[in-house]
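Got a structure here, written out as structure tokens. Questions coming.
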Amino acid sequence: MKLLSQRLLGPLTLVSLALTVWMGLVVTPPDRTQGDLARLVYVHPAIAWVALYLSFGTATVASILYLWRRTRSLVADQVAHCAMEVSLVFIVLTLITGSIWGRPTWGVWWAWDARLTSSAILGVLAVGYLALRRANDDPTLRARRSAVFAVLSAINVPIIHFSVLWWKTLHQGATVFTANRSLKIHGSMAWTLLLSFVAFTLLFVWLLRARYRLEEQRTVSQTSSLSVALEQRRREGAH
Amino acid sequence: MRHGFPLLSGVDLDIAAGTLTLVTGTNGAGKTSLLQLLAGLVPLTSGRAQVAGVDLRSGDRRQLRRRVGWLGHEGSFYDELTVRENLVFAARALSRPVSQVEVVAARVALEGRLDTTTKQLSAGQRRRLGLAWLVLRRPELWLLDEPYASLDDEGRTFFDELLSEVLASGATVVVSAHDPLRSPTLNPIGVHLAGGRVVPT
Amino acid sequence: MIRTALLVAGKDLRIERRSRVLLWQVVPFGVIALVLCGLALGPVGVSRATAGPGLFYLVTLLVTLLMITRSHAIERTAGTRSSVATLGLDPAGVFLGKALALAIELWITGLVLLAGSVLLLHTSLHGTVKALPSIIVTLGALAAVGTIYGALTAGDSGAGTLLPVLALPAFAPLLIAGERSFRAALNGGGVWEWWLIVTVALVAYLSAGILLYGVLEES
Amino acid sequence: MIRTALLVAGKDLRIERRSRVLLWQVVPFGVIALVLCGLALGPVGVSRATAGPGLFYLVTLLVTLLMITRSHAIERTAGTRSSVATLGLDPAGVFLGKALALAIELWITGLVLLAGSVLLLHTSLHGTVKALPSIIVTLGALAAVGTIYGALTAGDSGAGTLLPVLALPAFAPLLIAGERSFRAALNGGGVWEWWLIVTVALVAYLSAGILLYGVLEES
Amino acid sequence: MRHGFPLLSGVDLDIAAGTLTLVTGTNGAGKTSLLQLLAGLVPLTSGRAQVAGVDLRSGDRRQLRRRVGWLGHEGSFYDELTVRENLVFAARALSRPVSQVEVVAARVALEGRLDTTTKQLSAGQRRRLGLAWLVLRRPELWLLDEPYASLDDEGRTFFDELLSEVLASGATVVVSAHDPLRSPTLNPIGVHLAGGRVVPT
């Protein structure tokens, strides 16, 4: 079962992404007011979803697991690290797709809107997290510090989410997930939107796993280089 | 292991409680690293070790640090505070009576320097302050890295006396040094390091 | 915990008093920065009286960054960490103590800056007094979160530069809330809801520090 | 002198490259400060396009202070001063080298900040390019005067806090001139007279450093 | 004199060029201070002194510093640079051929650590790097503060050889130490300090 899911993940991701593209570009009709531009709705919200909730969320949960004594392990730390890297990529993508969307709709690439600014700050926090990791080379110290930082930074995610409600913003209010669970858009568009979320979620799982594998391989190559290094070190004493 | 460099490459050691161990070895053999490891000051990344009942890999190193006394290459105090203020801080932190401060200062012959700022002390006076701090703490496990360095003759004699006293009180002591111990009444267990591992002498 | 906190705070303040860094360097720096910012507002001067809150918190931010670096530099000298680590102080107490000392230093500096703002920028004295409770709490919260972030970056090769990157996003909401409440007080608006917000932040950061500082200290 | 300068600059840049402080800490700090300042300008947004020059130089000031502290912290470790003092390096060369390294770091950071200003604050690209010569010279002058003041405060117990007090008054004219020339470039005004002024300042500070650095190093 | 504390209170000393002087004294006697004064690293505030033709109160101390070699309690290098980079920096600054770097590193048995960052060196390795730096410089006046400290046996032997060599080449050497010099062929002029002044032995 596990093997099957591992084998299937890659193809499944590709297929669902392709399907999203096809539905988004061909099947769904252009928007009444925005025309073809509205097709960004199949990309931007899903990417933001991955950035904020899936990857930053995973990083936060993994960090909490690390901080909690009973579940403390370097695996949790590494997962947090990998997830944060994925998160940074998707935050940047969110900013880019948002900017591309903003240029024609708002007339500017960037505005000092609450959601936009808080998203940018989240990006800075992700960079800060990676910088903090770089600045420490003791693995336990690094794990502890970065876990604390990730947990403290996570407050920003709800702020981003609710910023559209708390402040008057340019940015679209909650369109997809409103409180009363009724979708504000209809038909093929709704299905495509849903599909885009599924596709990007799969992409996230796939990327995270790939990144984690890389980390594992590095650990393995480190342990094998350790024995080489140990041998060298012993020889040092032999003269 | 730091930056992929194994500081210690093969140390298989059993230190019995209440004994005196003398770690020797050439420059860069790993003496300081071994003591730091035992003090819980650096993490253990591979292998297994247990000190005073605390596992160095999975255990709570803070627990351990509370029970060891460490005298390193450099003195370790608040440079801007005076000798007295540093010792009073330690006494308060350890819930010891503050009156002991003068007593321990006198023991290491620093009573004349109580109100000198620590950064103005000479190298040997810093060493003495380090010893005073340990006397105040009376830890279970004493880890002393080249304790003779920069002490004068009188200081070394005092150190030898201190060592016998500490051992008599049942504490465990591990000393690293390039010179043999001076006092003939001390019979340390010798451990010789080379290239990060214990070699038979 | 409280005993440790008082011990640590006393030690920090004593070192600060001894070195006179606060009196001779931080406070003058704050005043100069205030003057320069006032100058940068240009000769128009229209909005100078209303610029008070913003400038006050901008300068406070700079001062806070300086003070945090210093507060942790004290612990960072060569072997201090290892010997203090072996004292087995309660980390929650250490956190509270360091935060308290920092808060006291910030309050002193803040007072001078407020006086400067009233005298130099003609900020309304009445409004400033009304804003005091929220300012005190905001500075306290800054001290708490600053102590956490200071510990996060302590001992790094580039601690002085990493700290601002990490701390600025955390400071920003506090500064904005503080500034808004100050402005509200000047304009005669309600100050209590702002006061509530910063108090919640203070309590949250203090709890976070008490819970997490132990993890950070373990190196 | 030139040989010494290149030697020292190479050493400083190598240490910088090794520790990656510039890339991972200073540049992000600059960007985030810019973002925050943009935010602080409030949602009004009217004057944002024109606020570019002021914000750019404000952030540059902060970055410069950080970099100077760092540049001199390198020399301040335990015994470095005594051993380097006995190398008998030509102090004028040391000054030039440290200033050069600092200038290079500032130029890199400045470039990123300018890009950020254009993208985030909608500062006119054309004007920014026109302002480049004066910006380059201003940053160079900042590096020169910063190196002098860094040496003045190096090794003090509170170097991190003393520096800003001393350096701010010296930086202010440079910053104002730089800002005015940047603004002039944006408004299509003449930039060359400003360029001349900052160039004169650069030359003056360089000469001062070459002449006086030897006195400062002797401590 | 710093902060009103007279570090040295009565030193009347004549050190002839080309000789070896051994300064001894208890902790806090003023050995380090004396050597720092001779090196031109701290200012002289009262009294008179002349080193290598430079007057310590009115002369150009930079001139002097260029001619002395100083080995202090702490190693003195750029911590972030490797051993090789530090030595290359010194070689370039002194206009020595860079190829000498490997030669001097081999002399102090650091050839295996050339690419280690200086801050990762052990205490003894730092000492050796300090010696390598001096060998590269070959100053006229060598001022060595407790040179044996933290060196292992091999390192001390090397140091003794170096000392004879340096003296043979005509340089002047002043050493402060708590132990006597090990090599019997070296015949130092003894100077004993106590409380900041020279006392006859």
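Think of it as A, B, C, D and E in the order they're written, each chain with its own count starting at 1.
One rule holds for everything that comes next: a residue touches a chain if its C-beta (ideal position, glycine included) is under 8 Å from a C-beta of that chain, and two chains touch if they have at least 3 such contacts.
In this text, all values refer to a predicted model and were calculated from it rather than measured experimentally.
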Please find the path from chain B to chain D through touching chains that uses the fewest steps, and give that number. 2
Considering only chains that satisfy the touch condition with chain A, which of them also satisfy it with chain E? B, D
From the C-alpha centres, identify the chain that is farthest from chain C. E
If more than half of the interface residue numbers appear on both sides, call it same; otherwise different. Which is it for chain C and chain D? same
More Cb-Cb contact pairs, comparing B-C against A-B, go to B-C
Could you give the separation in Å between the centres of chain A and chain B, each centre being the mean of its C-alpha atoms? 48
Express in whole angstrom the distance between the two chain centres, defined as the mean CA positions of chain C and chain E. 45
From the C-alpha centre of chain A to that of chain C, how far is it in Å? 33
Intercentroid distance (Cα basis), chain D paired with chain A, Å: 36
If you look at chain C, which of its residues touch at least two other chains? 19, 78, 157-158, 162, 165, 168-169, 172, 218
Multi-chain touching residues of chain A, meaning two or more other chains, are 121, 124, 127-128, 131, 135, 138, 140-141, 236
Which chain E residues touch at least two other chains? 73-74, 80
Chains grouped in pairs wherever the two touch, ordered by label: A-B, A-C, A-D, B-C, B-E, C-D, D-E
Okay, in this complex, where on chain C does chain D touch? 19, 21, 24-26, 28-29, 32-33, 36, 39-40, 54, 58, 62, 66, 69-70, 73, 78, 157-158, 160-162, 164-165, 168-169, 172, 176
Contact set on chain E toward chain B in their complex: 2-3, 5, 25-28, 32, 73-74, 113, 120-125, 127-128, 146, 149-155, 178
Over in the complex, which chain B residues touch chain A? Could you list them? 1-6, 9-10, 26, 28-29, 42-43, 45-46, 193-197, 199
Which stretch or stretches of chain B touch chain C in the complex? 39, 41, 61-62, 65-66, 68-70, 72-81, 85, 89-90, 92-94, 130, 133, 137, 139
Tell me, which parts of chain A touch chain B in their complex? 137-141, 222-223, 225-226, 229-231, 233-239
